[in-house]
Structure formats: structure tokens, C-alpha cells
Amino acid sequence: MLQYITSGESHGKYLIAILEGIPSGLSVNTALINKELRRRQEGYGRGPRMDIEKDQVMITSGLIKGKTTGAPIGLMIINKDVTVDSLPQLLRPRPGHADFAGALKYDQGIREVLERSSARETALRVAVGALCKQLLQKFNINIISHVVRIGTVNINHPNLTFEMVKKMIKASRLNCISREVEKRMIKEINQAMKRNDTLGGEFEVFANGVPVGLGSYVHHMRKLDAAIAQGLMSIQAVKAVEFGLGVGYAAASGSRAHDELFYAKGKGYYRKTNNAGGIEGGMSNGSDIIVRATMKPIATLKRPLLSVNMKTKKTDSASFERSDICAVPSCSVIAEGVVAYEITRAFLEKFGGDSLTEITRNYKGYIRQIK
Amino acid sequence: MLQYITSGESHGKYLIAILEGIPSGLSVNTALINKELRRRQEGYGRGPRMDIEKDQVMITSGLIKGKTTGAPIGLMIINKDVTVDSLPQLLRPRPGHADFAGALKYDQGIREVLERSSARETALRVAVGALCKQLLQKFNINIISHVVRIGTVNINHPNLTFEMVKKMIKASRLNCISREVEKRMIKEINQAMKRNDTLGGEFEVFANGVPVGLGSYVHHMRKLDAAIAQGLMSIQAVKAVEFGLGVGYAAASGSRAHDELFYAKGKGYYRKTNNAGGIEGGMSNGSDIIVRATMKPIATLKRPLLSVNMKTKKTDSASFERSDICAVPSCSVIAEGVVAYEITRAFLEKFGGDSLTEITRNYKGYIRQIK
Amino acid sequence: MLQYITSGESHGKYLIAILEGIPSGLSVNTALINKELRRRQEGYGRGPRMDIEKDQVMITSGLIKGKTTGAPIGLMIINKDVTVDSLPQLLRPRPGHADFAGALKYDQGIREVLERSSARETALRVAVGALCKQLLQKFNINIISHVVRIGTVNINHPNLTFEMVKKMIKASRLNCISREVEKRMIKEINQAMKRNDTLGGEFEVFANGVPVGLGSYVHHMRKLDAAIAQGLMSIQAVKAVEFGLGVGYAAASGSRAHDELFYAKGKGYYRKTNNAGGIEGGMSNGSDIIVRATMKPIATLKRPLLSVNMKTKKTDSASFERSDICAVPSCSVIAEGVVAYEITRAFLEKFGGDSLTEITRNYKGYIRQIK
Amino acid sequence: MLQYITSGESHGKYLIAILEGIPSGLSVNTALINKELRRRQEGYGRGPRMDIEKDQVMITSGLIKGKTTGAPIGLMIINKDVTVDSLPQLLRPRPGHADFAGALKYDQGIREVLERSSARETALRVAVGALCKQLLQKFNINIISHVVRIGTVNINHPNLTFEMVKKMIKASRLNCISREVEKRMIKEINQAMKRNDTLGGEFEVFANGVPVGLGSYVHHMRKLDAAIAQGLMSIQAVKAVEFGLGVGYAAASGSRAHDELFYAKGKGYYRKTNNAGGIEGGMSNGSDIIVRATMKPIATLKRPLLSVNMKTKKTDSASFERSDICAVPSCSVIAEGVVAYEITRAFLEKFGGDSLTEITRNYKGYIRQIK
């Protein structure tokens, strides 16, 4: 069973994840992981920290001569801005952050909370996901994302498919499929910056090539959509997760909502629509998995909200820490990693196997079986 | 660590769940569990099966003289409509259901799939949740829900609180806070019925009295919102989960989105808004937990969608099984149960303890500590 | 991932287990499960309760027309001696039992403790294991056991193999391979009975046909021997678990302790010895898995030991409840079930798959691969 | 829920563990962890690798200003002998090692297997355990071990208690309580060395101060002895685990085997014997936990056993890698760490809490309750 733990503070030296359960025989391309890390750091609207850190992963274990061995894989990123033990204590929790509840829960200062609750940790989730993507690609499963909304600017492009997004996404500063919408989004970010404000948004993750039957309906803990929802909701600042038509399902009637099934020789089973976002009964159904998430605006504000000094109990404005204006494009990259991990986990659970050879054989046997 | 497994087929005799990890010393009121089961079965728009089944739980273990002992608790519901072994095999998967992917995955017929993927299983989740509610009530934690949308009819009532919903919800046929909106919803259901169509909708679950600090930001597997999202998304037909402002966060700027913090002597910390839905940093923050979910329309249609005969591979209309027109009110009751379970799980993890005495002492100590 | 929970009290009506994760397509033979249940109840030295209960399993879910569907499998045994709510409270804990620690931990009476800690629960573990055995047999994996010691009487028969035990075990009243030793064991039990005393003993479980490579060395949670040790030590009264040479390894030098490896065309790899008990590096190595466990004497004594009245704190003799003189043969049957479950779990983790068809294909592919 | 994953190869640069679930507020003493690491490396009979590596832990995360924050704790040891990518491939599996099964299972070379299956990994388990010990000491729980047998030399000292062992163990080269026996053990090791042979042995771990009621009888996954057995059996080369009287229970009758219970004012409940090894019904019973394990002789022999060249399938002598003659004292130190971890896990599950303050309050409340 695939699992991972991340560790590290925002301003500690070491960010380290251990990913346990990857089979043997996979050649890992570190450059591709670094490319994903770079994608997380880019995006118009990120803060000054991104000028300091240029994340590079070091794989500390689990590979011999570049190939996985089945052993736990250590993924390490070294921080440049290492100040965790010298940073000042904070007393005024930032509304929207872990500060308040975290300080009470763990009976400690806000500094101790934010060093761990910081989104800096998500660099490791990207690294973990980037490695999973390399495994999935051996089975022609590919995962991409695109931003559909930043603040009040959104894109309205129904019936997008993986192939369309893939073609349209190239070289975007905001991971957006439309150059025109992107311009308006950048304007929106610039305006927020001037107001010392922050912005949230929405993005979609597409997984293409996922075989029918990952996840299961038999037990509430086995549903693939539930696992992906858990993963995405655990990303800092994500507040909503929707599959396919998502909230739009509520207003649609059954006769229009569900995706009719067709069959053609050679092509096999197919659909003309994908309202389900590739999930029926908690399982992948062979269509693209499409999941959409909403990120709330960054909670650290240059013009801070009202808060309470936890020592004096007096009203005061919240603390300010260096932060971003808008991190929705980054969040979409993190979400790709999370989706890649969850699909890999479900994939390995279905196909078993300890080596790439064995998994490939099992996978191919199943594909033949369901034809 | 609290856990449960459900078992049983839609038309099998026994629906049984085992709930493991409930502490000793809780007097269990079976009538209250049955009341929740009844709530799940009611609601305008349910199908003829509800006239057959009048769910009553039997507690098969884990109680001695009406009190929990710490041992696993068996919850059994006996089906009246027991025909699982004599029902005909089906060949044409219903779009939107587990039929298609389930049959391929498990290499079996559609009948075998739908007997388990059926929402009949959710009766057990309601029973599990109803028992959890009784534990939570010892700590003044209460959970309710209300339906906010059925098809195109929705209620628009911002800034609802637990207390408001509690007052307004009484004696509704659709678990709706407004008699006026309810009437329009019933009309919507009647129209769908005439069209042989089905409807989905949206509902909200409120948890009141949850102490600050359940869940945690320290590890992706410890976040309370992620756990609740996993639980809700695992309910049949749920396609979207949102906390607080949810998808509405995307268009709100940071300066307006986050809930400022206040303090008053006697009252302690408080907020004037609750956009966060009671969750910050993956933890309960002391405000009501508010989570909204979208249910897709029932996938079993009297006027069936197009499908494929999995034997002949020819296009044909999907199978029809006795079904509901609209089950959103039921789904909201199930969701209460799921939320109750997830909060209980996080509660027991935070407060430890094996008996109600011990947990109460630990809980009170913490409440004093964070004052 | 295979898992199960058992529920039920010693004198409650329902003993129910749910086994989750068994693949589809397995024809389950209930008579074979009942046969194993009978084996658990027999054995010279069992107490009067065994005259009352004649365990018969009812499968409450997870089967349609006698075949597994992938859904959770409910296993129910109905107790005849149902008196849980009317039995008297006890105040004097029996040394060696859960009574003392259980009453303090759960802040309740001894009655509440012993109703759950009772070995009556192991009937369900036998049922779970008997079902697992039926799955394993599809892959020619077979599990048997034999008693090697009761009290001071032991059998000394080095280098036993699965085949030898299988041949010699038939029709024994004590699950013992030697009629001569069995006679002495029965005499030992008779003598203990006269003294109002009880006896423990030792037994071995053999698993034959386990393919090379179940379990793993890569992570401490993946080792097969550790999982089996966990399972066996969790059986009531088991106090020691040994693989192969076990404690005998301590006095053997390396040059004599390890099993040299050979290869012959047709036969493939093989060993001439099996000191390792079929486990190297936490994995099955293709030889028989041989694990030995020690059961302590029954802790309920007709001539009770000294204890303390937990109310008055005065010294008094411990409570007496109807009990056995010796249950080592029963324990060996339970242990077979536990080993069957753990091997099934490791087997399904390695081979993945959701249907018997798929698992068989995956298994055969691997067997070819490692030839 | 406490958990950890270790990572790293025997000759890779980084050995890293992440320990997740330690509460906030614990001042960690790195020197004490290093002292335990040194204890693991010492002991007469270790091989030349121990002259190269002088293990020092670096804590990479989870501490701010020397105190735990509740965040995952990274523990890193840097290897000096870093040659993993340049070491030659091996073809002749060493009997007794993971080589054979590991190479087949993961479809890779023996080198890839032994780099992970190596006992080098246990340095991290010692580090994890040493940190857990520091938490346990806050509650006056202490853990020590002593070697009771090396090869044919064993110590026979019945009724040892934690206090006795603690007094007698000081400054031993073999972690042995008797100077006289130690001399004979060293002689035994010297003789084995001359024969190019290796030795195993036995050791005991004692845990003192464990409160009544860790673990539970209610579910097979909650038993403390089963968890400890799982942990110990997962240590490389451990083949047997026994609690208290262990295998000796088999020949003892019930009237002599169980530990009678007494009570004295001031002192509370107590026992005069401890055959149970501090465990009844899968729970700590307030007496010292005493667990004994058997380590098989080191499987790497200078005068190698017969094996098979996995390429040519020809019989040949097994590979030789630099190794130890006897590592039983090291193994006893590792086992202390494993027991410390398992007790900490059970302790945190019982007492809940996120900060040392909270846990201490919960713990004290329980101790008062059960008085």
C-alpha cells in the first residue's frame, strides 16, 4: 500500500518526504521532478520567497543506479532561507490560517504553528506526485491541470477534454488555456496587489488514460473519488472539491445529467459526454477523471484583518508574514501531484505486483480481460 | 481509533455494520437511532421500496444492560424485501451508476454490483452516525442538516447559523427551512415524476459545539476537513463537497473572505462571520462546522438513457430498477451521520480515553486549558 | 487490503465478523467453515460450554448464489447460551485474565470485560480463516497444525514437513501426530482435571504451497513473519511465537543454522532443511511456513488463585467461571485460521486483482516469471 | 496515531526516518539519541563496518528551539561508507538472508535487495526509539535490556526485575548482567571467529512504569503484546518472541503459572510474581513488561554455505559481504527502541492529547481514577 509522510518547516533547512510502496524497476528522472517543482514556484502573483528558493529535489534513498528498488524513496529539498529558530514569536493569529486553532491545540506559539502549516510543505507533495506521474506514464496515464478562475475572472469553456487542455495550456503564466482570459486575470491580480489584497480561484485537474475500475463501491474507504477529495481538501487553502459537473449536478435533471454509454468495434465502450468526471460508483469509468477545486484567497494580508493578541486578549490587526497575492496556479500544480499520488495508490492496489515487469503484465492482462 | 465496516446487499436479509472504538459507559438509546433511520426513509420523492422497509436497528453486541463496554458494536437491520438470489441478471448498465465499471472490475454481472452499490447500505451509515451523535451530545456537540436546493429550486438565506436552522427545520417533508421554498420543491419533484425524470440537489450539514482543535495541520492525513470530505464524497451520488463559502471563495478577495477574530470577557474568542465553515488549517476553529454537498440526480430512470448490452454490445436502453425520484433529504440525513462519525473519530483521537468518565475529564481539562 | 472486525460477547446472542476485501468469484463452501468450527470445539479437555454450543456459521452478506461478489462478507454464529444481561457482576479478577486491567482501563465491572475477552470470540477467527483457506486452496496453499506439547508431555519429532503432518494427524482427539504421545497427553489432562488444575501447551502451524515473495523486507510494517506474529500473539493465551528453529536458533551457529540453497532442473530451487520456517528477510521463501506458538494454561481455575476483591480491596480467591481444562488443540485450530488470514492478506497485496480470474492470471504470470 | 517510515540503503549516503505523531512541548536531547546509537554499534563481535561509521543523528524537522512542535520529526544519519552505486552485482544468495526471495520478488539483483534488507536500517529504529524513550521518561516509564544467551552460553537467573537488571548491567561489553557469564560469552565469540562462524542468542527487554491498561482485549488489532511481537519480529534476524514465562508456560500448570493479585494500602495492587511479563488480556497490567527475543546467527559467513548462482543455476558457495560475528547485544538495543516505540504508540492512543501539558494532565487523571 502506497503511503508517504512529509516533514520540514517553512524556514527549516530540510524538507523531506518518504514515499513508501513504489515498485522496483522504474527509472526515475530527477529533472522531470524539478520541472514540476519549478512549475509550482512560478505563476504570476507569487511572493518574494519564490525569488529565494529554487527548489531542487535530491533523492536520498530507494534508487540504485537511477532505478527504484522497491525500497522507501527519500525526497529532499534544501531550503535557502533557514531562519526557523531565530524568527520572532507571533501573538496575533491571521484569520483564515491555522494560527489560532493550532496555537491552542498544541499549547504553543503561533510561530511553531505556521512553520509547519505553511504551504512550503506542498513542494514535497509536488515531488511525490511528480514521481508518481513517471510511474503512471508507463501505463499511458497522464495528468494535467488548468486554472479556470482567479477572483472575478473566469473562463467559460464547456466540454473540455484532456486533449484540448493539453494543447491549449502551453507556456501560460497562470496555467490558463486562454491568452485572453489570462490577461484579464493578470490585471485582476495587479489590482489586488495595489489594494494589498489577495485572491483565490478555481482550477481543474484532468487524468487521462485511467483504466476502468480503480477504486471500488464495496466499502466507503475504497472509493476513488473520496480518496481524491481527501487528498485535495488536505491541500492548504482548498475549500471545495467537485467531480465533473460538480455543483452543477444539483440543477440538472437525471435525464440530462448522466453520460450515456456507447460501443463501437475497435474503439470499445465510450461516452459522448463526461458529466461524471470519469467517476461512477466511486470508480474510474474509463473517461477522463475531471476534478475541480476552489482555493480561498491567501490568508496573509499586507493590510491585515482584525485579530486578537492572544497574550493581552486585546483586539489588534493580525500578523503579517511575507506572502503571495495569488497562488492558484501553484495550487493547481500541487493538486496534479495529489491526484497523481491517489491514482497511483489505487492503481497499485488493483494491479498488485512488486516490479514494473509484474505490474505491467498484470495491467495488460486486465485490459485484455475487460475488452 | 474509531472505524467501521458495513455489510449487506440491497435485497439480502441482513444489513450489518460493526463499529469499533466507541468507549465504555455510554447509554445507548436505540429509539433515537431508529428515529434517524426513519428520517432517512422519509422525504417526499422516495420510491416504493420505502413502503416495504421500516428500518429498525438491533444492536447485536457491545452493550451490556444498555451501556457500551468498549467492545465492537454490531448494528443490524433486517430487510423485508429479500430476493437477492432470485433477481434476474441485468445486461444494460445504468449510466451514472456503478453498474458498468463494477461489472468489468469484478468480472461479474450487473446484479452483483448493484446489490452492493445500492444506497440501501446508507441505512447503516445513518445508524453508525446516530450512535456517534449520542456520544457527541455528551459534549454538547450537535449535528443537523437542511436541504438548500432541489433541481432548479433553491433557498437563498445567507449567514445561517446552527441555531437558526434548528429552529426553522421542524416538521419539514424535505428537511427544508422554508415552508414556501419547500412547496416549490415539491412541485419540482412532482413535475419530474410526471416526466419520469429524477432530481438532485444540495444540502448543508452543521455541527455545533465542536471544540477548537480537532484535526490537525501537521500531516495531510490528519486534516479534519479532508476526512469529512472523504466521508461525504463516499456517499452514493455525492459529487461536490464545500466548506463554508465553498466555491464562493474563488470570487471573494482576501480582505473580505476571512473571518476576523474577536475576544470578549466571559464569551472568550469569537467571530462575527463564518465563511470558513468552522475549519482553519484543517482544524475545527470553534465556529459551527458548515459543509455543503451536492447530490446528483438519481441515476435509475423510468425513461432510461441509452446504454449498451454488455453481452451483445448492441445499443439499448439501460435497465430500470425500482427507484426514487429525488432522495436529497435522505442524503442530508446520511451526511449528518457521516459528519457525526468523522467528528467523533477526531474527537476520540484528540481526547483519548477508554471510558466516558475518562474522556469527559480529558475534555474538560482541555477546555479549561485553552480558555 | 483485506481486513476484518469481530464482534459479540461470550453470552450474547450474536457473534458477527465482517471480512472485507475478499475478491469476487469464489464459491464458498459453508460446510467446510462449519467443519473448522467443529474442530475448534472438539479436543479432549474442553469444558461444558462446548456441549451447549454447536457452532454453525451463517453468511449474511457478500455472496450471491453462493459466490463472493467482492462485497464485505458477514459471518454470523448464533449463541445458544444467551445470558449476558443477567449474569452476576464479579469482583475478584482471575489472575492471568483480562479482568483486572480491563476493569480499570474501561472503568467498568469484570463481567463487562470477560464477556468480550473470552475466547468465545475466536470462533469468528476460525470462520474468517476457514473462508480464507478456501481462497488459498485455489492456489494450492494449504494450512494445517498439530499439537506438540501439553503440559509436561511433548513430542520430539525433528524435521517434520507439511506432508508428514498431514498424513499423521488424522482422527486425533488432540490434533497430535502420535497416538502414543496422545495417550500420555490425555493422561496428563485427566490428572490436571482431578487436581482442578489447567494445562497449556505448544503447537505448530504449517503452510504449504506459499509462493516465494509474500511479505517484504523494505519496510517494518510489510514483513510477513511480523504480521503472523502479531496475529498469533493476539489469540487469547498465546505467550510465545517462534518461526522454524525458533528459540533453538540461539544455540546454533551460523554454519549449521541456515538452509543451503539448491537447484534442480524441473524441480527448480529447493532446500534440504527448513530451519527458517519458510521465512527469510520477512518474506516467504518457498519452503513450508512453520510457526510454533505457546499457549499458557487456562487462567480460570476451579481451585482459584488468590486475588483481591476490587470493591473491598480484601484478599480473596478469584472468581470461577465455567471453563476448560486444556484448550491447546482448539488454539491450534484458531491459529490455522489466523495464519490463513495473514497469508491471504499478503497474497492479495502481492497479486492485486478483484476477481478470482484476475488474481489467478496475475499469480500464474508471477510463477512463470520467477521460474 | 504514531507512525514512522525509515529509508536508506546500507551504503547510501542518507539514512532518514520520519516519525509522525509526537506531541508538542518535548525538549529533545540529541546527545541521548546518539548515546543509544553508540550502544547499538558497540558490543564485542561487531564487524569492521562499525570502525567506519560513528552514527550521529541530525534532527531535520519537527523541533523549534529544541522542542517538539507536533510536526513530523525527521531523523537523519549520514553514512560514511557510501558506495551503493558502485558495488558489484551478486549472484549467489546467502542462505538465511533476504537475498533469494527478495531478488525474485522484486525482479532485480541481490545487491538491490541487501542494500535495503541490511541491518544498517536499524540505526534509525534505535533513533526513533531513543526519542520515544525521552517522551516515556516524562511519565517514569523506562526501558532496558540484557543479553541472556550467546550461542551455547546462557545466564540462568530467574525472577529478574527491572531494578535488578538496571543495577547489574553497567559497563558490560555484551549488555550482560554477569561479568562471569560475559567472559564465557566472549570466549564463545572468539571461537566462532576462529571457525569463521557466527552466533545468535537471546535477550530480554524490560519496560518499567507502564501504567495498567495500555493496549486492549476488545479487538485483535489493539493488543499490546501483539503489537510488540510485530515490532520485534520485524527486526532483522529475530525468529522468536516470548512474553514473561514464554515457552516455559507450556509445561507449567495453571495453578503455578498465573500471578496472584494482592493489595496493600499505599502500595495499591501488586504481584509477587511476574510470569505474565506484565501483559494480561493484551494489556499492560502494571508489572514490568518483560519480553524475550531470539536472534538467529548472522547469515553472512566468511566460510559460506552452499547456494546457487541465480544466473547459471549452478551450485556455488554464497556471496560474502563484510559482516559481524555476533550482533546480539546490538539487537537488544534495537529491541529496546522498538519496544519504546510500541509503548509510546499505545500510550498516546490511550491518553490522547497534543501537547505534553495535555497528555500529562490526562495521564494523571487516569492514575488517580484507577487508584
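Order as written gives the chain letters A, B, C and D; numbering starts at 1 within each chain.
Here is the rule we go by: contacts are C-beta pairs under 8 Å (C-beta built on N, C-alpha and C of every residue); 3 or more make two chains touch, one makes a residue touch a chain.
Small disclaimer: the values here were computed from a predicted structure and weren't measured.
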Where the contacts of subunit A and subunit B overlap, which chains show up?
C, D
Can you compute the centre-to-centre distance for subunit B and subunit C, using the mean CA position of each chain? Integer Å is fine.
38
Please work out the Cα centroid separation of subunit A and subunit C, and write it as a whole number of Å.
44
Roughly how far is subunit C from subunit D, going centre to centre by Cα mean, in whole Å?
26
Each of the following residues of subunit A touches two or more other chains, namely 5-6, 20, 70-72, 105, 107, 113, 116, 213, 216, 218-219, 350, 354, 357-358, 369
If each chain is a node and each touching pair an edge, is that a line, ring, star, complete or other?
complete
In the complex, subunit D touches subunit C at residues 5-6, 93-102, 104-105, 107, 113, 116-117, 125, 149-152, 154, 192, 195, 197-202, 212-213, 216-221, 223, 225-227, 229-234, 236, 239-247, 249-255, 257-263, 269, 276-277, 280-286, 294-299, 301, 303, 305-308, 313-315, 318, 350, 369-370
Using the touch rule from the top, collect the residues of subunit C that touch subunit B in their complex.
3, 5-9, 12-18, 20, 23-25, 60-62, 64-65, 69-74, 76, 84-85, 105-108, 111-113, 115-116, 354-358
Footprint of subunit B on subunit D - complex, ascending
1, 20-21, 70-72, 213, 216, 218-219, 348-354, 357-358, 361-362, 365-366, 369
